[in-house]
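Shared chain: chain A. Partners: chain B in the first complex, chain C in the second.
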Partner chain A sequence: MGKGRYLLKRLLYIVFVFFIISILMFFIYKSMPGDPVDAMLGSLKTTMRPDAYQDLYNRTAERLGVNEPLPVQYIKWIASMLTGNFGYSTQYQRQVIDVIGAPMLNTILLNVFTMVVVFVISIPLGIVTAVRKNGVFDKTVQVVTIIGYSLPSFIIALLAIFAFAVKIPLFPISGVRSAGADAGGLQGMLDMVWHMTLPVLVMSVSGIGGITRYVRASMIDVLRMDYIKTARAKGLREKTVIYVHAFRNALIPIVTITTWWIIGLFGGSVVIESVFLWNGLGKMLIDGLMNRDFSIVLTMQMFYVLLSLAGNVLMDIAYTIVDPRVRLEN
Partner chain B sequence: MKLRKLLSLLLAGAMVFSLASCQGQETVTNNESEAASSDTASSEAESTEPTENQLIIGTITQMESEFYDPSFSNAATNYQMYDLLHGYTTVTATKEGEYEYDPTVVASHEETENEDGTKTYTVTINDGLVWSDGTPITAKDYVFAVLLESSPEMAEIGYPSQAGYSLVGYDEYLEGSTENFAGVHLVDDMTYSLTVKASELPYHYDITYASLWPRPMHVIAPDADVEESEAGAAITGDFTSELLETTVNDPETGYRAHPSVVSGPYTLESFDVSAQQAVFKINPEYAGDYRGVKPSIETLIVKLVSSDTMMNELEAGTVDLLVETSGADNIEAGLNLADAGTVNYNTYYRNGYGKIAFDCSQFPTDSKNVRQAIAYCLDRNEFVRQYTGGYGTVVHSYYGLAQWEYEESKDWINENLNTYEPNVDKAIELLEADGWTLGEDGQPYSGTGLRYKEVDGELKPLVIEWANTDGNPVSTLLATMLPESMEAAGMQLNATTMDFPTLQNAMLHASDKIYNMYNLATGFALASSPWYYYSKDPVWMQGGYNSNWIADDELDAVTQEMKSIPFDDRETWLTDWREFIKLWNDRLPDIPLYSDEYYDFFAPKLQNWDATPVWSWTRAVLDASVE
Partner chain C sequence: MANKKKRAPRRSTMSKAAQRMVMGGMPQEEEEILQSPMRMALQSFLHDKIAMAGIFCFVIIFLCCVILPFFYPIDLYYQDVTQANVAPGFGMLKVPSAMQGNAQDISVGSTFSVGLDKDGNVYEWGTLPNDRLRDIPSQEETGKLVMVSAGLDHVVAANEDGEVFTWGNNRMGLEQIPMELRSGGNKIKQLEAGYQVSLALTEDGEMYNWGSAYLLNISYPDGVQGNIEKFAQSTNIVMALTKDGEIYPLTTSTGSAYVNVPEDIQGDVVDFDLSDESGAAVTSDGRVHTWGNNVHNTLTVPEEIQGHVVSVSGGRYHFTAILDDGSVASWGDNTHGQASAPALGTAAAEVDAGYYANYCIDEDGNVTSWGLDGYLMGTDDLGRDLFRRLLAGGRMTMTVGAISVVISTIIGILVGGISGYKGGKVDNLLMRLTEIVSSIPFLPFCIILSSILGNSISETERIILIMVILGVLSWPGIARLVRGSVLAEREQEFVTAAKSLGVKEFGIIFRHIVPNIITVIIVNATLDFATCMLTESSLSFIGFGVAEPNATWGNMLNGAQNGQVIANYWWRWVFPSVVLGLCTISINCIGDGLRDAIDPKSKER
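And then the complex of A and B:
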C-alpha cells in the first residue's frame, strides 16, 4: 500500500468517524434536560404576559427549528455546518461565527506562548537531566518538576497572583489589557503581553514539569543504546552524540506530545481563564453547556473532534519525518 | 510601569516572536476617526496611562456586545449599562423609588378616561432635547420606538415586540393585519398619545402606561417616517425586517452592538469583548436626569473583575469602584482597606432575599402545616450568621428592605409576623395536626423514624424532595442545617443536585420529576406585582410567575385587590400590603433565608457616591465626581 493510498484511507476514516461522532454528540446534547428556548428568552418569562411569552416562545422555537423531529434537526444542522454556517447562539443571540472569534484568538495566543515557553525550557532541561542522571542537578530538577506537575493550576495561579501581582506588583492581577488601553499599536501589544505573562507562567509550570520528565526518560532510554556507545567509541564529540544521535532518536515520543499540544492550542482552560479573567474558549464551552447553547457547544466539540482526528494523521506523518524507519504503509 | 513591562518581557522572552498575532484582537468602537488611527503607525504614540477624569468600575459578571435593551440581553452588567446610554424616558423612577413624569423630558401630560373603559395618556415633550449627534428629538422618535418595538418586523429579527402590549390595537399591529397601531397617535411634532386597553385597567402602576422612550429613527430606519392617521400611527417608507437585520442586528454595524446615537448621559466609546471592557464618554448633548443632573466624570470604564481578586484590584488601583459587594470575605477585606484609609465605602441592604421556594402543588408541601414545620426546623438567624458572616439579615415575608412599605411597617412587622424561631416541638405539633400520626406499619407514630399519613387509603411517607444547584453555598449550608432537625420531627429530606436549567425545568413542571422545594433568590422590582406571582389562574403558574404553584383563595383575593388601588392612594395600599404579607407569612410559599448587606467600595478620589438598592450605580454616577 503506497503513502497516498494510506492517506486517502485515513481521510475516509476521518470522514466516517466525524459523522458517527457528530450523530452521537448531537443526540446526547439534545437529550440533556433544559430548554434552550427558555434559556435564550431568560427573564422575559417573568416580564412578559404569559400569553405574549408563549407567542414569543413559539416564534423563537420555530425560528430555531427546535420543534422539528431530532433527525430532521440533525440533517439541517450538519448540512449547515458543512457549509460554514455554525448556527445561531441562543446565549449571545448572534451567529456562532460572530461570537467565537475573540475567545478563540485569546485562547490560541495564550496557548502558543505557553507552548513556546514550555518547549524552550523543558526540552533542554530534559536532555541535561538525562545526561547528568542521578546527579544533584538532576535530583533537584526531579523534585521541582514533580511539585510543578502535581500542584493544581488554580493554586499556582493564586500563589502567583499573590506573589507577583499583589506583594511584588510586577504584573497585573487579571484581564487581557489595561483599563482604557487601546487594542492596537505596539503599545497595545506590549500591554497585552504584559497581561499574558502571569497566566503563561502559571500554565507553563505543569507543562514544564511533565515534558521535562518525558524528555528525560526518553533520552535515558536512547542513551543506553549500543549505537550511542558506538558513536562515542568513534570519538565523536559529546554534544554531537547527544544532540544529533541521541536526541533525534528520542524524538518519537516527543512528537506525540508535541502534536497533542498543538491540538490543545485550541482548548481553553476554565481554571486559568476564570482566575485571570482571560476570555477564552474554556469558559465559553462551560457557559454554553450551562445555558444549553447547543450551537456553540456542538461547534466547539466538532472542531475538537476534527482536530483530534487530523492530529493523528499529522502525528503519523511526523513520525516518518523524524524516523525514516517508520513507513506509513506499514 | 514601563520597567515592569520590560521585566515581564524579559521573563517571557520566548513570547516576542508571536507578537504580530496579537493585532487580531478587535475592539468595537463608535469613533470612526479613532478606529482608523488605530491601524496606523501613529498608534505607537497611544498611551495606556489612565486619563484623570475617569472612573474604572469593576463588575463580576461577563459583559456582552449588547447595548439595546434587556429584551435582547439581560446579562446583569449590560442591563445596568443601558441606563448610561438610553435616557429621556417620559416616566422615570426617582431616587426615592417612586414613579413620576420626568420634568426634563415632559412639558405636559393629560390622562383621559374614555367611555369604553380605555384610558388615553397624552404627553407633550420638551422642545430642545437632542440626540448625541445633535439631531433634535421629537415626538416622532417616541412614537417610532413603540411602533418599532411592537412590530412584526422587529419580531422577525428576534425581538419580543411587546412594548405596546397594553395598548389598544396591539394584537392586530403585531399580527401584521394592519400597519396602523390604533392605540398610538402622533398628535403633533412634540406630542404623542397612548390608549390603554380596558382589560389592563385599573392598575396600581398605571402611570407606567404613559412611559415611552425615544429611538433614533434616523439611525435605525433612515428612509422611513412616522405618519399619523385616524386609524393610528404607522411607520411608512423603507421599513422591513431585512433592513432591521442590518441596522439593528448586524454585529459590525447594528444598533445593538454599536449604539452610535444615544439619548443617555453617556455615549459608548468602545467595547472590547475580548478584554471585557466597555468605555463610555460623556454625552455633551445630555440635558440631565429628572432633577436636571448631568454627569461630570468624563470617562467611565466598566471592566470585568474576579470576585476572588477584586479587592486586590481595588487596592492596586486598577479599579476605582466595586458595587454591591457581598459575602463576608470580600466585605471584610474591603473594610480592612477602609480602616487603612485606602478606600471608602457605602452600604445598603439588598432589595430581595435568598429563599427556600416550595412547590405548593406537590404532596406533601401542598400542606401549609408541612411548610411551616420545615420552617420551624431551620435556625434562620444562625443560617444568616454563617452564610453572610454577619453582613445580612433575616426577613419574614414577601418584602424587600428597600421598599417604602417596609420602612413604614417595621414595628408592625415585629408585632404581627411569625418569625418561625427554631422549634422542633412546634414542627411536630403542626405535623400531627396535619395527620402525620402514623408509622411505617400504619400504627400510631412511635416518636422515632419517618412519619406517615394515610391519603386516599394509601400510606404515604413524609419525604421532602429538594432540588438544588451544584457549587451553591446556600445548598451546602442547608444540607448541614436542615436534615437533622427535620429527622427529629419525623421528616426525611432527599437532596438532588443539578444544574440551573434542569432545576428551572423542574420548577416549571416541564420535566419528568417535580420536587417539593428549591433554593433560589428573588429581587423586588420597583413595580412589584404580587397579583401575578400569587394568582390562582393557571396561566400565571405555567408562565413562571407563580413559581410556587400556590392556589390560595385568600392570597389571590388580597393581591388582586391591590392591583386596582390607585398609585397615589398610599394609605389603602399600605393597609392591603400589610394584610398580604401577614397572610403570606402564614401560608409560607417560601421560607425567606437571608437578605444580604451590600457594600460599594471605592477609591477616595470618588466623591458624592450615594447608590442605594433603588438607585443603581448607573444613576448614582451622575451625582458623583472624581477629584
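And then the complex of A and C:
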C-alpha cells in the first residue's frame, strides 16, 4: 500500500469521525435548556408590545430555523459549517466568522510560542540528563520536572502572577495588549509579547516537565542499543553519536507524545486564557457558554476536534520522516 | 540482576547487618533467586525513597481529609461577612496580661477585642480588620475611660464625665457622635458599637444612635425614649428594655419571628440580649425565655439553669448567662467552642459575649475567655473557615477523582479486554470507538458538557455528572493498555487450558487474563487518579466543575483569580494550592515508583 493511499484512507476516516462528533455535539446542543431565540432578542421581550414581540420572535425563529425537525437542522447547519458559514453569534450580534479571527490568532500565537519555548528547553535538557544519567544534575532535573508536570497549570499561573506581576511588577496581570494602546508595527508586537510572557511561561512549565522526562527516557533506551556501541567503536565523535545516531532514533516515541501534548495544549489553554483574560479561543468558548451563544461554542468545538484529528495524521506523517523503517500501513 | 548489584553498595551497613541477622548470613544473590517477581517488585518499590515519600505524603493528606472533618464539622451554607478575609493566626482571645486582675470592661468585636483596665488604659488584641483601629486616642485626650465597646471595625468608649469617643472605621457617619454625648455631662449607662452603627444610653433613659441607619432603620415607639433601662443590638435589629420591664423592638418592620417578643414575659423582664436570629430574656424568677429563629439551637436553653439566671449576653449564634451562684453557662452554636463555658474559680461579675467569643470578668478583675481564638488558615471573602473548607474540599476532590477513575477503569477493562481477546471486526470497531473518544478534546468537551447538562440539576446531581463526564471521557488510555496486555497474554498456555476446559469467553477474559495484568491496571489507575483530580480542579477553578457552596480545592481557588486577592489575601490561594500540588506530586511519585517496580527495564532509566 502506498503512502498516498494510506493518507487517503486516514483522511476518509477523519471525515467519518468528524461527522460522528459533529452529530453528537449538535444533538447535545439541541438538548440544552433555554430558548435561543429569547436569548438572541434579549431584553426586547420586556420593552416591546407582546404582539409585536411575537411577530419578531416568529421571524427570528424562522431565520434561525429552530422550528424545523432536528435532522434537517443538522444537515443545514453542517452544510453551512462546511462552506465557511459558522452561523450568527447572538452574543456579538455578528457573524461568527467575523469575530473568530482575532481570538484564533491570539490562541495560535500563544500556543506556538509555548511550543517553541518547550522544545528549545526540554529536548536539549532531556538529552543531557539522559547522557549524564544518575548524576547530580540529572537527579535535580528529575525532581524539578516531576513537580513541573504534576502541578496544575492554574497553580503555576497563580504563583507566576504573584511573583512577576504583584511582588515584582514586571509583567501585566492580564490582557492581550495594553488598554488604549493602538500602536501597530513593532511597538504593538512588543506590547503583545510583553503581555504574552506570563501565560507562555506558565504553559511552558508543565510542558517542559513532561517532554523532558519523555526525551530522557527514550534517549536512555536508545543509548543502550548495540548500534550506539558500534558507532562509538567506529570512533565517531560522542556528539555525532548522541545527536545523529541516538537522537534520531529516540524521536519516534517523542513524536507520539508531543502530538498528544500539542493537542492537549490547545485544549488546556482554556484555563490559562481564563486566568490571564487572554482573548483567545478558550476564553471565547467560556464566554459563549456563559452567554448561551451556541454558534460560537459549536464552532469552537469543531475547531478543537479538527485540530486533534489533524494532529493524528500529522503524527503519522512525522513517523515516516523520523523513521524510514515505518511504512504507513494499517 | 545487573541493577541489583549496582544498588547493593548503596545500602547502609545498618540494613545489611539487619538483613544478615534475619537471613543468617545467607548470600544475597541466593535470596533474590528465591523471590517471586511480585515480591521483587514490592521490594524494589519499598526501597524507592521518592515513592515512599509520596505514599507518606498522600496518606497523611488523605487521612486528614477523612478523619479531621469529624472534629471540624462544616456547615456548607454558613457564611458571615463580619469574618471575611481574616488572616490566618490565633490570639483573638489572648487577653493582655496587664489586664488580668485589673479588668474594667471588655468587648468582643468582629475579629478583635478591646479591653479597658481600672486605670483607664485601652488594650486591643486579635486580628484588626482596619488599620485605623490602631489609632487609640491618648489618655490626655480622653481622660479616664470607664466604658468601651467594639463593633465590626470600630470602637466606642466613654469617660467618667460621659464624653464619648470613637476610633477605627470612620465612614458612614460613625464619627458623627451626637453633640449631647460629645460635651459630656450626661451619665452614660450603656454603650455599644455594632455593625456600622454606634449606640449609647444615658442614665435618664435617653438613647442615641449614629452611624449607618440603612441596615437597622431604628425608630423609637412612643413613650420609649426617656424610659429605657437597657438596649441590645445585633446586625439585624435593636431592641430596648424599658424601666417597666417591657421589651420593644426599635423598628417599624413587623412580622418576623424576631420581633415577636413573648407577651407573657412583658413587664417582668430584668435582663435580655440578642443573638443574630433570636432573643433571650431573663424574667424576675430567674428563667430564660427565648424567641426568634432556632438557628444553631439558640432557643434551646439548658433546663438545669432555668430559675437561676441573673443576666444574659448574646453572641452571633450563642448566649452566655451568669447564674445566681456566680458560674456561667452558654448555649447555642459551638463551632468554635463558644458555647463551652468553663468552670470558674471565683464568681463572675460581668460577661461579654459577642460574635464568636466570650469574656468573663470575675469579682477580682480576672478575665476568662472562651470561643473563637482565630482561624488556622484564615477565612475567605464570605467569612468561611478555610481550614474546614480545605478538609471538606479534599474529601470532595478525592471522591470525584476516585469515582471517575473507577468508572474509566471499568470501561477501559471491558473495552480493552473484549477488543484484545476477540480481535478481528470487534477489535476494529472498538478501537475506532476508542480513537473517536480520545480525539475529542478533553478539557473543552468537559466544560461544554458540564455547562450544558449541569444547568438545571441539583448540586449532588452535578457532582455525579462531573464524575461521570470525567470517567466516560478518560477511558481510552486504559483500554489501549489493557488491549495490548491481553493480546500478549492471549496466547499463553493457561488461556488454552481454560479454553479446553470450556470456560466461557467472558470468564477467560475477566477471570483468567485480567488478574494477570492487574498490576499494569493499578499503576495506570493511580496515575489516572492524579489526572482526574487535576481535571476536576481545573474545571472547578474556571467555574464549570463542582459548584459552591460545595467545596473542592479547585473552586476554592476560583475566587483567587484576580490580582487583588493574590496580592492581599495570600492565604486564600496558598493553602489550597499547596495541598493540591502536594497531593498530585505525591500521586505521580507513587505511580512512577510503581511503574519502575513492575517494569524492571524502566528502572535502568
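By definition in this document, the second predicted complex is superposed on the first by the 300 of 330 C-alpha atoms of A that agree within 3 Å, B and C clash if a C-alpha of one lies under 4 Å from a C-alpha of the other, contacts with A are read in each partner's own complex, and residues count from 1 in each chain.
Rule of thumb we're sticking to: a residue touches a chain if its C-beta (ideal position, glycine included) is under 8 Å from a C-beta of that chain, and two chains touch if they have at least 3 such contacts.
Since this is a predicted model, take the numbers as computed values, not measurements.
After alignment on the shared chain A, the placement of chain B and chain C results in a clash. In the superposition on chain A, contact is made by A:309 with chain C only, not with chain B. In the superposition on chain A, contact of A:266 is made with chain C only, not with chain B. Touch criterion met: A:201 reaches chain B, while chain C stays clear of it. Touch criterion not met for A:248: it reaches neither chain B nor chain C. Contact with chain B, but none with chain C, is seen for A:191 once the two complexes are overlaid on the shared chain. Legend: residue contacts after superposition of the two complexes on their common chain; A:159 is shown touching chain C, with no touch to chain B. Once chain A of one complex is fitted onto chain A of the other, the partner contacts of A:52 are limited to chain B, with no touch recorded for chain C. In the superposition on chain A, contact of A:9 is made with neither chain B nor chain C. Legend: residue contacts after superposition of the two complexes on their common chain; A:229 is shown touching neither chain B nor chain C. More residues of chain A are in touch with B than with the other of chain B and chain C. Note on the superposed arrangement: chain B collides with the chain C stretch 253-261, while the other options among 253-261, 343-351 or 415-423 stay free of clashes.
Residues 33-34, 158, 161, 165-166, 173-174, 274-275 of chain A contact both chain B in one complex and chain C in the other. Against chain A, in their complex, chain C makes its touches with residues 432, 435-436, 439-445, 447-449, 451-453, 455-456, 530, 534, 537-538, 541-542, 544, 557, 560-563, 566-567, 570, 573, 577, 580-581, 584-585, 587-589, 592, 602, 604-605.
Within the complex formed with chain A, the chain B residues making contact are 4-5, 7-9, 11-12, 14-19, 21-27, 38-39, 43-44, 46-48, 50-51, 54, 56, 62, 64-66, 70-74, 155, 158, 160-162, 165, 251, 272-277, 279, 299, 301, 303-306, 308-309, 312-313, 315-316, 318-319, 498-502, 504-505, 508, 510-511, 539-540, 542-545. Listed in rising order, the residues of chain A touching chain B in the complex are 33-35, 38-39, 41-54, 56, 59-60, 63, 92-95, 98, 101-103, 105-106, 108-109, 112-113, 116-117, 120, 158, 161, 165-166, 169-194, 196-197, 200-201, 274-275, 277, 279, 287, 290-292.
Within the complex, the chain A residues that touch chain C are 13, 17, 20-21, 25, 28-29, 31-34, 133, 146-147, 149-155, 158-159, 161-162, 165-166, 173-174, 216-217, 220-221, 224, 263-264, 266-268, 270-271, 274-275, 282, 285-286, 289, 297, 300-301, 304-305, 307-309, 312.
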